[in-house]
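In what comes next, chain A is part of two complexes: it sits with chain B in the first one and with chain C in the second one.
Our next item is the complex of A and B:
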């Protein structure tokens, strides 16, 4: 049977199922309301409310609650399809947290991108938002251009384009860098230092990750790279994570929009008062703008951390299965790999629970710390 | 008499203003260049010959732009099939999700029912749940009922109002509509279904359009689920095919072809964004201020 027709028929069946189950849920809710002696109007509101909300309620039970509980159970089992799961207790978790080197590498890589990538992304988004905030003519067009990458970034067509752009030999990015440097020769030593710094930090990080500092020793021994050494991007384990960060910065448009909205909501009388007091631009930014837009920073940070922990497409497409030398293994990628490539369902389930706990803890910590630095003008009564 | 250190600035206020605006423009243009240059490179490479694309010498723009790569993609029945696969999955998923999200948002905004706050809180809490937590067990479930290798696991879950963020966005929008609308209609004997379909939904068109675009983008770009569930090559969607286009065994990659296919994949996204950017940018800003 044609796979599209097959799915279309299933879609029709699903719609019928949703309507019927919604009627059932709503009728039960109405019966309970009647049994509790509520009036006719209350009963009909109950019926309508549950009827319209049921698609989500039923979906929540089938696709969220059921699977989540099942995955909690499977995380304590050894489970390879098609054989049934075998209870192994805490073994998966113990293995993940103590002996699995690849998982440790993935967690540390995710932390690397969060620590170094997210601040860069936030800073770029803020700078772009501040530029747009001038409201110069043509601002609409710039806004559109800056947001466009957000729509495209996750598509493998875009990531494969980045492979071409970042190609160290005849890629356009390195060529552009050389072109700019031929106009401004004083930038060459700057680039040498940046390359050296990136390679050293990455070599040090890889060393810490693997407990093997050979690469770091080699990098140190090589000394300051010559003027012809260009970034190797996705083809080197010293540059693969910076490459992914670079692409992340490229698609910071959503964060920029949130900053822009926050900037527009800062009351202008604050700036006027500061001008009267003789504050300069730098002071106005750090004493007024930055505290006033801290809720936007907080939102971007929370959403950004969750998104960073779920990086998958970049490892799969850009660096070709987490390479070179596992330098772009991230939590979500390693989870996908061991679950669906190696059919380790129980192991993957345990990993997804660690990921969930990690996200919950990080978000909770941020909400706790938020009291210290996030400023809400209108406290809720 | 003026003291020397209090004299008029060297340049007048107006000139300084123009100067600083000029610098801002330069920076804005540089930023645009940064955002657009990968797209320019995609387009330029797709018009090159194989030699131009793979030579170590950079060709900014091909001397004679070639449309061969596009012709090759658009006349290849396999590529047309991949396009139709992507279009099918995206259309069905967007439609099913949009209608169900609209229904649920109506329940959360225009009807008072017991338990509404609890259900709403549960819904918001799923925002914290990483995709991966349900991915693994859902795979087992779909494997049990024989749906692995079909489009069902990619499309059907959306029909159950998949996407708490969209429900939330639409609910905010619906809360802003005047209460009197449905009260008057209820007195006239209209049912909730009629109110939802004939009164509320037409008023929500901008919000619905925005959500449809977000859903379109998400489904069109989706890689992970199709990778897991689609097994036969003739069912692949575009992102899966394109992700596997590079053959590491070969030294010379068919870059013009790869870039032509990529450009054709991006074009629907760019067109949709171009026509709806106003609403989209507004609602992106909204998610942050409500957060």
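Our next item is the complex of A and C:
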């Protein structure tokens, strides 16, 4: 067949499908409205509304709901291309949760970065937002500067740049640290303590993760590192996750903007009343600002947890495929490797559903706990 | 009135699209005759019935955009079609990042490209789904020209499943001027000498490496090469992993000792970032790798670099130097409906002249000895590497469940190298995990 005619026929068929499916969805919606006893005008509006929304609805069903359901089915199968999927029940889930060391390592790595990285991101975003809220000259420029990393952070080119920046030998970051220390020598012992503390905590974590505390024992035995010892960033398993957390903190611009919008919505009369009552700066922040922006904190926390648990590019680009020693082997990365490199599609699907359930559970817990600390002004009203 | 104009415009546009779609396809623009590559007389191919026109599709992953693709489409195909006017050839270009998904998709669908460009270790993954081609190559005189080390890559269960296409051997190379500075007048010939040299040639200042005696320090592919060097193998006769062997232990111990000779402790910062080849930068004394990671062969620095195949171990009588040979190759999947035609194109592409031209794009080696003319012969470095490959080459092939195997090694080896676990635990973990992987894949009972 002439390829152009083939393409034209497919295009016509697609348009006809969209129109027919939209008519079908709209008709069903109108029928439901009729069954519910709605009047003719309501039914007509229902029909029109669903007719125009249906192209998106049908597309969502075909390209999102459909693959999701297929993934759920595959998670209960042993599926290795090109063989067809073979039903194995809960075997994939049992293996992941009980015997797969790599999955345990990846989950713990993801939880580490979320547990330690997210509070730092939130705190940094809040501090930046408070600074920008002061209406200083050039605030628009600063807002752009702090928001730019959001667009660049997980971009592969930017991550390759971070590899250069974080080079332990001549990277910009370590070079800057050395420069500052040459001007302020009293910072050297501070850096030694920070290095030692970071290596100790990460060695302890690795020990818990693997059930083997050799590395922790050696780190303790080594004592305080010498003045020449610099952070090794992506070169060392004791520094790779802090490196990723550092990049996460650098890209907290989106959270900062959310906080900035929340700060602008805090009623100023509260501050005036507090000033009249003699409240100092910290009291005004802790008693007024922080509670009033708690919805923004809650939003950043929920979205932050969801995003951090799905880190992938940093594993793939920054630390060279989950290394060193799988210290940056995260769940999303393991999921990808299982599916596209190991050709274990059912196994990867099971992993994705476990990750979904984990995120859902954490989100639900946050929503339940939110009643205790998130304050919405309209509730008062 | 306005709506009538819109309706008329819509109808006219639809008619125009319909009429253009129904038009005959425009003929391809005439190209100037492609220059004919000189080649030895090709054996007479078996011709399909003259009336039947066949199109074969070739999936290519090893290519340089605007160079290799142009050569294939503008020179190779026209020359091929002069001999086989009934066979049309089309190319599909993919990249390494999407190769696995593309190939798996073909096999899942049971259709796709008729020729697949695969990497060195892929025969273990797809061997049983590739067409056995022994009957097509048994009477092909050119077959004898291919290096045995390269043919390892394409064999599965005694049958060739394709043809080697690109060969990149890995050998050891040392800067003789740096060696001389640290009191060495020869490259290392034993494992112990390599460890000593790595330490002697390393400079550490201020907690950071200023010069590294050897790189890389933790390459899993070198580990496999070292096992072969010691006379061992990574599989036992029953197909189970062999990481409880003395060779596997000695190889890993050697890598640890060499690493310790270079990095006194794991708090030493690595080399600074640099551009260009490390061996040309004075940052490294010795390295293991292929010529792509080395200075350009035209660089005068090569007067101070010695290529050598490796070392031996006095405690292992079977040890001999090994040059690990990576071969990318062209396979024919069993689902192909045009296997004889695809074989004809393979043979054409596998001629000495064509392999020489193709590999000249990459600076790699043609996998057949009689194709080592021109850029190979004229370049002393390539000539030397070629000699090492001929004498010591072992194909990086039949590595089963490579992706998972790699992950196991990349997880366990660094734990040993960073003193997080000992040697015996590391080997035990590798053995157990890899055995389970092979069992899950159905390769072991």
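Assume the second predicted complex is superposed on the first by the 331 of 381 C-alpha atoms of A that agree within 3 Å, B and C clash if a C-alpha of one lies under 4 Å from a C-alpha of the other, contacts with A are read in each partner's own complex, and residues count from 1 in each chain.
Throughout what follows, contacts are C-beta pairs under 8 Å (C-beta built on N, C-alpha and C of every residue); 3 or more make two chains touch, one makes a residue touch a chain.
This is a predicted model, so every value here is computed, not measured.
If you stack the two complexes on chain A, which partner ends up touching A:235: first (chain B), second (chain C), both, or neither?
It touches chain C, and chain B stays clear.
On the A-aligned overlay, A:341 touches which partner chain: chain B = first, chain C = second, or both, or neither?
A:341 contacts chain C only, not chain B.
Please indicate which partner A:206 is in contact with in the superposed arrangement: first for chain B, second for chain C, both, or neither.
second
Applying the document's definition of touch, where does A:169 land relative to chain B and chain C: first, second, both, or neither?
A:169 sits against chain B and chain C alike.
Tell me which partner A:118 touches in the superposition: chain B (first), chain C (second), both or neither.
After superposing on A, A:118 lies clear of both chain B and chain C.
Classify the contacts of A:310 with the two partner chains as first (chain B alone), second (chain C alone), both, or neither.
A:310: touches chain B, not chain C.
Does chain C touch more residues of chain A than chain B does, or is it the other way round?
B
Which holds for A:301: it touches chain B only (first), chain C only (second), both, or neither?
Neither partner.
Would you check which partner chain A:5 touches, where first means chain B only, second means chain C only, and both and neither mean what they say?
In the superposition, A:5 touches chain C alone.
Tell me which partner A:50 touches in the superposition: chain B (first), chain C (second), both or neither.
first
Could you give the residue numbers on chain A that contact chain B in one complex and chain C in the other?
After superposing on chain A, chain A residues 3-4, 7-8, 81-82, 163-164, 169-170, 340 contact both chain B and chain C.
Which part of chain A faces chain B closely enough to touch in the complex?
Residue positions touching the partner: 3-4, 6-8, 10-11, 14-15, 18, 29, 33, 45-46, 48-53, 55-60, 62-64, 66-68, 70-71, 74, 81-82, 128, 131-132, 134, 136, 142-149, 151-152, 154-165, 169-170, 172, 175-176, 250, 253-254, 257-258, 260-262, 265, 295-296, 299-300, 302-303, 306, 309-310, 312-313, 316-317, 320, 332, 335-336, 339-340, 345, 348-349, 351-353, 355-356, 359-360, 363.
For chain C, which residues are in contact with chain A within the complex?
17-18, 20-25, 100-101, 104-105, 107-108, 110, 129, 206-209, 266-267, 269-273, 401, 403-404, 407, 410-411, 414-415, 418-422, 433
For the complex, give me every residue of chain B touching chain A.
Touch list, chain B to chain A: 21, 24-25, 27-28, 31-32, 34-39, 41-42, 45, 54-58, 85, 88, 92, 96, 100, 103-104, 106-108, 111-116, 119, 122-123, 126, 128-141, 143, 150-152, 155-157, 159-162, 167, 192, 196, 217, 220-221, 223-224, 227-228, 232, 235, 238-240, 242-243, 245-246, 248, 255, 258-259, 261-263, 265-266, 269-270, 273-274, 277, 280-281, 284-289, 291.
Enumerate the contact residues on chain A facing chain C in the complex.
2-5, 7-8, 81-82, 101-102, 105, 163-164, 167-171, 174, 206, 210, 212, 214-215, 218, 222, 225-226, 228-230, 232, 235-237, 321-326, 329, 337, 340-343
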